[in-house]
Amino acid sequence: MPDILVEYQTEIWVSIGETFIMVGFSILAALLIGLPVGTFLFLCRKGQLLENQVVFSSLNLIVNIIRSFPFLLLVIFMIPFTRFIMGTAIGTAAATVPMTVIAIAHYSRLAEQSLLDVPKGVMEAAVSMGASSKDIIFKFLYVEARSALVLSMTTSTISFISYSTIMGVVGGGGIGDFAIRYGYLQFRTDLMIYIIIIMVIFVQLIQYAGITLARKIDKR
Amino acid sequence: MPDILVEYQTEIWVSIGETFIMVGFSILAALLIGLPVGTFLFLCRKGQLLENQVVFSSLNLIVNIIRSFPFLLLVIFMIPFTRFIMGTAIGTAAATVPMTVIAIAHYSRLAEQSLLDVPKGVMEAAVSMGASSKDIIFKFLYVEARSALVLSMTTSTISFISYSTIMGVVGGGGIGDFAIRYGYLQFRTDLMIYIIIIMVIFVQLIQYAGITLARKIDKR
Amino acid sequence: MITLNNVSKRFGSFEAIQSVSLSIKSGEIHGIIGASGAGKSTLLRMMNLIEQPDEGDVIIDGETLNHLKGKRIRQIRQSLAMIFQGYHLIGNKTVFDNVVMPLELAKTPKKGRAEKIVESLRFVGLETLKNQYPSQLSGGQKQRVAIARAIVNQPKVLLCDEPTSSLDPNTTAEVLEVLQRINQEFGVTIVIVSHEMEVIKSICERVTVMADGRVYKEIETEPTGVHKMEHSAEGFIKRLKSSGDINHA
Amino acid sequence: MITLNNVSKRFGSFEAIQSVSLSIKSGEIHGIIGASGAGKSTLLRMMNLIEQPDEGDVIIDGETLNHLKGKRIRQIRQSLAMIFQGYHLIGNKTVFDNVVMPLELAKTPKKGRAEKIVESLRFVGLETLKNQYPSQLSGGQKQRVAIARAIVNQPKVLLCDEPTSSLDPNTTAEVLEVLQRINQEFGVTIVIVSHEMEVIKSICERVTVMADGRVYKEIETEPTGVHKMEHSAEGFIKRLKSSGDINHA
Amino acid sequence: SDSNDSKDTESSSDDNNVESENKEQTIRVAVVESPMLDVVEIAKEILAEDNINVEVVEMGDYIQPNVALANEEVDANFSQHVPFMKQFNQNKDANLTEVQPIYYANFGLYAKDYASVEEFPEDASIGIANDPSNIDRTLRLLASHNLIELKEIDGEQYGLDDIKEDSHNFSFEQAGIAALTRLYEDFDGVIVNPTHAGNLDLTPADDALITEKEDNKFAITLVAREDNVDSELIQKLAEAMTSEEVREFLNSREGDASIPAF
């Protein structure tokens, strides 16, 4: 291992841990809230099962507002809210708040699109069997769209890593911020390149896992 | 119109223009290069028409490398390349270089996913008719996936706007950078909010146009 | 039990169904025939409101379905099983898991499910393929899964859109026998859309002939009964060699 | 002209086709029948290498196709049209634009295309629906578009997988007549997979009976000819009322 | 002086000084934020009378102005103090050269709950900037008031590892310098420069518990390159930036926010 990595190994491990926390919670939020939001975006559209212009427009607007902010400003803008939720606005834990917000907005959009490609016939079969909305969502929609949902989550996760690199601004740390602070601001180009290689490895692993899983569960 | 917007209207218009340039070229690059890359990512996969592990792995790695960089560092890292291409590394024109690179990586991934949902039967019909790869791509794949491709482009465009907000670092300007300068650095919260409202309007318009077009061209 | 009252359906400016009235008695096997594009599928799909009529009422057991919402319409639909012309199987579920759906949605006790499913798959001759996915099945096998799914929970009404279109004569005869049996044993009302005259003639008691989105005529018939044939390649050969004008008899 | 030499196909551990040899003469109409799941579609799909055989050779006009690549196999495929069991239409193209595809791929002159397409749509009775999209068609109409697409460029060989499964007897008879005509007039070799005995009997000169992935028997038959019926609802009624045991005759 | 110096820039467009009086010349200056931007804007107005066009290039962080200057994409920048410049020179093998110190932006320690450093509780949290040069500067400020003791170091810059003794047992937490003011409530104290303190209506003179001593080495300085530092245009720019108008502007900012260094 290169000397410089050995020298900084503690910091690097800590940074990796911080990234895992931020990205991990983002994934959780994307799944627990982003997926439902995306599902409603899909189902409340014109011509769909739960057609509801008001719900659709509101969700759509909220998602668009969050995505409209330059992410740095979103983080800054949310500071009072973050403080309200977490008691403080600084540190890795606090950084998960804006991260989860952008994660929800990001994944809900990709999930919405994944659901759009479920064949109409499957929805029709579900309705004809008297399935409730809940059943339609969990037993038909998600089942048929599952590989697209996994691939979307893969893409989102990689975006979350990218978003997390900004969280240094509020003391969130993380491996990307480490690369920026040590590599860029301190002119340690070698260190920066090593860190980026580490990040590339993570991203490759995530992408590989995502593609493999998606292919495995796609039986269509 | 609020006084403060009147006061800054020249700067705001210039910034909007800069964003249009950066995002416009990104969209172009996404279409002209990102879409082909995404198509090859799809077609060179295991089990697909042009199955080619080497091409797939290389393209996949390149896309992942680009997406692994904290975007700020990608911009910095590319400075020598940008200077080589554009003669200078600062300003809006130069900023389009890293923007197009990330745009290609971003859209190629979403395009790949859009193509994955084209029914196998359509590909089979194409092959059975003796279609060349080119015909399969343009006359079958893109035709069947067109609404998903449009929606992906919509999502990508909104991401491009978000990426462009970082380009202030190399003097790229843009409306997002304007918001950061005044909103973040100078605490002009009112001005910042107006700018963000402008950005939300843009994003809503793009999203609306994307959804409407996608629905219109989806005949399946 | 199923009554359509002057129902109409337009697609854009095209009138697919023009003021059709029809009534199907409880326990009857009712056939619907007509040329391709006559409106058979559309009519059938209105019976469980998968397709909303633009005008007219759909009445089942005295209850007007048109504007029913929520739990009630779901309950009714659970008792009206449908076999779609395009099968509409769930590609990511195995044959078994496709067939379990009606039981799951009706919240039948978990215990008896496996037997019901296996029985229903046995009816259509697919018990060995229960762990396959639809993409691994032949056309006729997919259709049989759709049939098994429709009958597994003993619905009150079975709406069948070309249920045997992809089946060879042997399998067709077997499926028809099953339909006749569940009709006789459990009193299931069956509506069959088919272009195969023999299918209609063998089990239907009444037949609606459709043309251009209208009911052309309603006819009472005497079902000729299902004639089972040797379930073997020899059977094919025998029938191939039999002479006589049998085209679309 | 089409020769299969000991071809085999496995899906996982399941042997769908087991060492089948078959030869189809130029200009012949060849039927393939067999029970659902017998391997008919798989065999047909190997004839244009949509499905790659695991073993054995596919030889067309003396040329072994198995390992052909690039332009040559594309050329050959352009002369082998296929009608799929699942139609495989392009959902985002109109009927017209679906049917134009073979002409476009074969780079026929733009000028004559429209007439060819209209003619081919007229054959299957769909000339009025040429601007519809597949999702706006009935099952039988979709199948007819697939037929029109297959015949539009007068292929040398026509591989048909259950081409009339969704068609009513009238339309079936018309389609069979068209097939017979292009066979007689242009010498098109036709392979028909069908489970409808009448379809096979009426136009096939030789029939391969399949069972469990093998050729059970090959039979020469005398085509009984296509008997056209009144193209009207009255026709249905007449036949409904005709008596006699006609089940799957 | 010779104008061959800045060869790749528009300012090099002619060799003749006499002619240059009539013909417009352009000088490109990189800045990051106010008040540096305002100072250059004032100089721009003054130089306009001499038919010199000052093109302001706004950049997003403090390294890029140096990168651009080193690559001759701008002729000067005004965004940093000399130690920062030296560090850049050393790391990037560049030859940036100070032209003229303009003002001191005194770093100060601000606290919402305490009137003096003595009142700070044990373990007080101090928000500091997260970039190395500002960390260095923060540590020097604390050391100059004997709040911490620093080790001997080889290089130019102190890092958090170089704290030898920390009698108050401060816990330092890092964030982006512009974000620190938004995080004011989350810390017992923050150390920021006057521009950012101004965003909270705080000034070094009235509100800071401690500030940098005036003779520090951190005056914000106009910087050019070795090859063009003596050029007429740069000198004229320096002149304009040390004009009375600029002095007035700097003094007009509240509470010692910017103390002229000329």
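Brief remarks on what is shown
Think of it as A, B, C, D and E in the order they're written, each chain with its own count starting at 1.
Simple rule for what comes next: a residue touches a chain if its C-beta (ideal position, glycine included) is under 8 Å from a C-beta of that chain, and two chains touch if they have at least 3 such contacts.
No experiment lies behind these values; they were computed from the predicted model shown.
Comparing mean CA positions across the assembly, the chain most remote from chain B is C.
Farthest from chain A in terms of Cα centroid separation is D.
Of all residue numbers used where chain A meets chain B, over half belong to both copies. The two sides are thus made of the same residues. Looking at A-E and B-D, the interface holding more C-beta pairs in contact is that of B-D.
Averaged C-alpha coordinates give centres for chain A and chain D that are 48 Å from one another.
The centroid of the Cα atoms in chain B and the matching centroid in chain D are 45 Å apart.
Distance between chain centres (mean CA atoms), chain A to chain B: 18 Å. Shared contact sites, meaning residues of chain D that touch two or more other chains, fall at 86, 135.
Residue positions of chain A touching 2 or more other chains: 76, 120, 147, 177, 184, 220.
Multi-chain contact residues of chain E (touching two or more other chains) are listed as 179.
The touch graph of these protein chains has some other shape, matching none of line, ring, star or complete. Listed by label, the pairs of touching chains are A-B, A-C, A-E, B-D, B-E, C-D.
Within the complex, the chain D residues that touch chain B are 48, 50, 71, 73-82, 84, 86-93, 101-102, 104-106, 133-135. Of all residues in chain C, those touching chain D in their complex are 11, 33-37, 40-42, 85-86, 136-141, 143-144, 161-162, 165-173, 195, 197-198, 200-202, 207, 209-211, 216-217, 219, 221, 224, 226-227, 229, 231-233, 236-237, 239-242, 244-249.
On chain A, the positions that touch chain B within their shared complex are 46, 60-61, 64-65, 67-73, 76, 109-110, 113, 116-117, 120, 147-148, 151-152, 155, 158-159, 161-162, 165-166, 176-177, 179-180, 183-184, 192, 196, 199-200, 202-204, 207, 215, 220. On chain A, the positions that touch chain C within their shared complex are 119, 121-122, 124-125, 127-132, 135, 139-140, 143-144, 146-147, 217-220.
On the side of chain B, the complex with chain E involves touching residues 76, 79, 83, 88-91, 166-171, 173, 177, 180-181, 184-187.
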